[in-house]
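Each of the next two complexes has subunit A plus one other chain: subunit B in the first, subunit C in the second.
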Partner chain A sequence: MTTTAIRRLEPASGYALLFDRLKGGLAGSGAARASSFKRFAELGFPTTRTEAWKYTNLKPLAEVAPSAPVPAEVSLADLDGYLLTGDVRRLVFVNGHLAPDLSDIARLPSGLRVKTLLECVEAEASLLADVDADRALTALNAAFAQGGAVIEVEAGVTIDPVIQLIFVDAGDDAAMLTNVRNRVSLAAGARLRMAETHLVLGTGSITNVVNHFNVADEAELLSDKVQIGTKASRAFGQSVIQVGKNAKFGQTTIGVGGALVRNESLAKLEGPHGDLDLNGTYVPEGGEQVDTVIRVEHLAPNCESNQFYKGVLLSGGHGVFAGKIFVDQVAQKTNAYQQNDNLMLSRDAEIDTKPELEIYADDVKCSHGATVGELDETGLFYLRSRGIDRQTAEAILTFAFAGEVVERLHHEDSQHQARRALLGRLRGGDKLMELV
Partner chain B sequence: MATALETVEAYTGHEYKYGFYTDIETDTAPPGLDEDIVRFISAKKNEPEWLTEWRLQALRRFRDMEQPEWQKPEVGEIDLQAISYYSAPTQKEAPKSLDDIDPEIRRTYEKLGIPIEEQKMLAGVAVDYVFDSVSVATTFKAKLKELGIIFCSMSEAVHDHPELVRKYLGSVVPQGDNYFAALNSAVFSDGSFVYVPKGVRCPMELSTYFRINAAGTGQFERTLIIADEGSYVSYLEGCTAPQRDEHQLHAAVVELIALDDAEIKYSTVQNWYPGDHEGKGGVYNFVTKRGLCRGKRSKISWTQVETGSAITWKYPSCVLQGDDSIGEFYSVAVTNHKQQADTGTKMIHIGKNTRSRIVSKGISAGRADQTYRGLVRVLKGAEGARNYTQCDSMLIGDKCGAHTVPYIEVKNPSAKVEHEATTSKISDDQLFYCRARGISEEDAVALVVNGFCREVMDELPMEFAVEARKLLAISLEGSVG
Partner chain C sequence: MLKITNLHARIEDEPEGEILKGLDLQVNPGEVHAIMGPNGSGKSTLAYILSGRDGYEVTEGSVSFEGDDLLEMEPEERAAAGVFLAFQYPIEIPGVANMYFLRTALNAIKKTRGEPEVDAATFMKMLRQHAEVVGVRSDLLKRDVNAGFSGGEKKRNEILQMAILQPKLAILDETDSGLDIDALRTVADGVNQLRSPDRGIVVITHYQRLLDYIVPDHVHVLVGGKIVRSGDKSLALELEEKGYGEALAAAGVASPEPALNA
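Up next, the complex of A and B:
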């Protein structure tokens, strides 16, 4: 067998059939779409022999006959509990299509532009450019993506309202493939807070998201991300993050549910004194797998980056964490930290963690840590001796463990959503619901 | 400090001290690799048929494999057909005592600074010298024999103890384990064989020196150590190799087996020729080392000090199969100039209450690149498994690299696994402190580095510890200022 054969999974014919069927209706340059699809077909899906996909089997995905997203009826009531309150503007996409009735982008403050990909892609082909040429799913996204937001903030403007992007996949077809692409650009000195909410309301779907965040010098972008999946849903996401001089990017991701969820981030600290903060928690159970793949590149001196990820592995859950810090030779005085702690609560759970450092500069402080363990018996004993039953005691300790990540969500409503979703997962968690 | 200073002076001029060449009549196979060569090696060594067949089987497995490319150092395609797979110092008859040994070879070891006579007396070290793949002298054999310990070359073991060799050869590192292990299985020349019987505590450190000598001959050592129930053995391996202009391939396989309550301690000081400042001519050190803790409460401990080789690529590993077994890995790797190292360990927890500890210290200077790559895997049945991993990297200069790639795979909730890693530069404050007290910059670096590595150095047997400390200082010569 040749090296390429064992590193490439041929996509089933359904992908080409779907593209042939949809290509006439795709916005933007037909030639560019076709070349992206060709690229996807050439790359094929990666196999477990590809280092980045060592623990993730895409064979079921490669063999699927994907179906086109269809319109679905979703009301605001369906989104109850996930809408941020207060000063918020929001865009809601249902099965990849903008749902104007559910969205609210009236009264945008000056200096802020919020549009959809569909509106912009004709004029700006670069929106679908390959942000990562070697990633098959990114090429697939470039071929199909119609939905998504294009957000721009002018230089020096601080935006008060929070921008919430809600992506809903609804329906009973778990082979439905939705491709979404967002671009958020902050010009120098701009400030924005946003929230990304991914909801699967029906049986399931295949969601393939590509995000491009561009944070120019002195700008600051904070983002909350909540992902709620189902037993059959599959979600793939890639975020490419560029951080300029003295700029800051922060993102906290909370995910609950999904047969296979994979969040990949590629963050580049391009100017001196950049600051990057990535946090997340995952709680897979019952055959679910959650991958977190991060590459942080320090390309300029004096930058700081933090990765803080906590995993709770419930019965049948499989977690994968692969975080990498890359420090270029010019990136002296880098401070880079990475922590991945995992709580294993079941005999049939699995965690694979790979915190990686690749360092080419000498005057740096880089450290990483990874731990795997079960709940602390003394902590449990303490709670039990105070009359709390074992199940509740376990829920309290587990909730506290993941809580450290939850409190890094910047919006209070995001925190509530996250806490509710977490407690909904834990045995005995319902008793603690009133606390959140 | 005086000794380090003296040593540094003794080794000044950055030429590799051990780069000399001994001209002895060799019996060398023509370059190339095919079934005939494998048969030639086997026949030359007068091996039984099962072993010839075993080698051929390995060759067939090897042919289906490709040179791996996942590692960090860029190796490039190695032309295995250009290598001669057999080279033996010609001997009229087997030596009976040290006096019978080719004086050329004797002189080689004297140049190394370790005369055999001295070695013989030194703290009871028995040395199984390996010179160009064939063991030419074995000392202390009689003494070990009294205790029932077998310590001989692999070729001898094949003839004298075939039942042991047949039972254990390839049981830890199977023929098709990886590309270079498969190659080794097909063409291995010689190596050491140790068997420690039940309940015996080996009273002395067993040691072997490997050298690559004749031009163009790769060395394919095969070492097999078996510690039977309740026994203990400490094995030392030290390497130096003469200077060469083309890359030399060293693809050894080391297999350790510890039965119930047995303990094996395996220490390595590796100082193969690293190449010149441009990295030209150094040794490729691609070794598969693995220990199997087969018995309950068994223990295998790897300690390594890696200062040499153009490229070092090895992962001494422990398979913790027996309940309550223990695996340890202590490593210091120093890379300078254009050296590259990709090293680490694997700890596979299979049995209950198995414990492992990994301490890795990497020092990178000049334009060198260094990677710690490690795997800690806890299988479902490994109730109560415990692992602690610490890997620290130190960078000296702004053109070198230090990388850490730990894999942690856990399938049992009662496992406790911790991993910590740090990367930092050599402390300016500490250097300044030393300089303010009149210590030269180079000595100060040696002092700080030795402190940084102390945790690992303390694990080395005394004889090695002295040599290893000197080596650290020498390896880092010219890295500052």
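Up next, the complex of A and C:
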């Protein structure tokens, strides 16, 4: 066996079969699609010998015979509890395809364009090729993606309505593979708030999302991300984030459920005084694994970045946090912070947390920290001494622990969703539901 | 209502040192007891053991509360049965709003007792009233439990909890320490309001002054893990004047600082 053979997992023949079956119906350049698929096949899936995948075994994914997304009946009622209220425009994708009946992008304010990938990909061939093609899952996405949104905000425009993108996977086939590609571009001085909602309503599915956020000089993009999975669902996401001069990008991710959930972010601070804020919380329980993999690149001086992640590890749950801060030689006066705190609620939970710094400038303030702890016994006793039973007291303290991340979601409804999902997961959490 | 008989206890991890060494105390309904005693004599240990904190091992003796074996009960069961401890060092709970905590506690106790829960509006009204009486500012109700509260604010917050939960047996562990003169009165008023023929109150204090406001029926001196003297309120005055020297001698413990008049 050669070294390369160890470092790549051969995708099962089902991937090629699926591509052959679907390629005739894929939008955009057939040649580009074929070349992306070829790239994917060459790369193969990464093995646990690849540093970034050390704790994540993709063998089951490589061996699966993926199936094509099928149409599914989803109604607004199925989305109950996940629709943002107030001034909102939304696009809903079911199994990777736009669901016009559930979407509402009428009355878009001027300066905002919201289109689907399908509408844009014919005209703009490079749309699927604009991010890292050396990542197998990204190449796979470029080969198959039909769903997703292309959002553009014109220079200097502040958009009032919140854009919600909802991705629903529905069905009873856990091998169904949906690929979604989104691109959000804010021109100089533009402002937008958005929410990404990923819901698995059926048994499960394999979701492969690639997002490209481009925030030009002086622009600001805030994004809430809520991911709800099932015991069998697998979700892979890569976000490539570019932040310009004096620009800001903020994202808070709350994930509950999923056999394997992996969120990768590659954020580049490309102009001076850029500001990046990445927050998240994960709550894996029996048999679930959640990976958070972040690389923040400071490529210009005077930028600030913050990573704030909190994990609650329930019995049998596995969390992985790998966050890297890279500071280029030119990026003087960088402020870069990273904190990953984990609460182990069970002895048979696992957390692998690895903060990393790579700094080539000399005038920088960087800090990173990772903690792994248990619930504070003194606090528990205090609550119990006031009549609150142990289970509820544990739920209260755990909820408070994750709450610090939840409150960073910009939309009140997102906070609501996140709190409900978290409480739904904690033993004794049902008694606290009136909290949310 | 509370009967402590020959209580011996030690810290679980430290099998050597016994902290309570044969303590007897009986509190009847309607009575206010004061416990005084030198630092490290075991007063807080007694309070924690009564409220059910982990980490202590009772090696001998018994504690009954209204006929039940208190030591067999979980902390939350004791709270529902009506035991309340105002902590010497109240705990900070970041992320949990004070008023939410209090309402959860009250309703948990009510539920255990089979009483109807209190709805949000009724609770808020009741909370505001009590908070005003014990001098807890309304912004402290919204803040996280004790987080960033001053020493005195924490103590007032304990009294507020007591006022809301209306315990049958209240144990106040040095609630007067660190309070300004007005706060001392406020706290004392809070305790006096609770005084009733069916409630018992145990006040742990170092200072006679609190006992001017909360006049005790009985005063005990706890030294070296035992009650070595008991008397009426005049005992507190005597201790204030003479120090613990005599009491220490009686317990067979050497006084660290011989009292002047001893």
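Keep in mind that, in the parts below, the second predicted complex is superposed on the first by the 434 of 436 C-alpha atoms of A that agree within 3 Å, B and C clash if a C-alpha of one lies under 4 Å from a C-alpha of the other, contacts with A are read in each partner's own complex, and residues count from 1 in each chain.
In the analysis below, a contact is a pair of C-beta atoms (placed from the backbone, for glycine too) under 8 Å apart; a residue touches a chain by one contact, two chains touch by 3 or more.
Small disclaimer: the values here were computed from a predicted structure and weren't measured.
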Which of subunit B and subunit C A:355 touches, first, second, both or neither: first
Partner chain in contact with A:332 - subunit B first, subunit C second, else both or neither: first
Which of subunit B and subunit C A:363 touches, first, second, both or neither: first
First (subunit B), second (subunit C), both or neither touched by A:371: first
Touched partner set for A:110, first subunit B, second subunit C, both or neither: neither
First, second, both or neither for A:126, with subunit B first and subunit C second: neither
Subunit B versus subunit C as contact partner of A:347, first or second or both or neither: first
Between subunit B and subunit C, more extensive residue contact with subunit A: B
Contact set on subunit A toward subunit B in their complex: 3, 51, 313, 329, 332, 342, 344-374
Subunit C - residues contacting subunit A, complex: 51-54, 74-76, 78-80, 84-85, 87, 90-91, 93-96, 100-102, 104-106, 108-109, 112, 144-145, 161, 165
Partner subunit A, residues of subunit B touching it in the complex: 66, 70, 378, 380, 393, 395-426
Residues on subunit A engaged by subunit C in the complex (per definition of touch): 377-379, 381-390, 392-393, 396-397, 399-401, 403-404, 432, 435
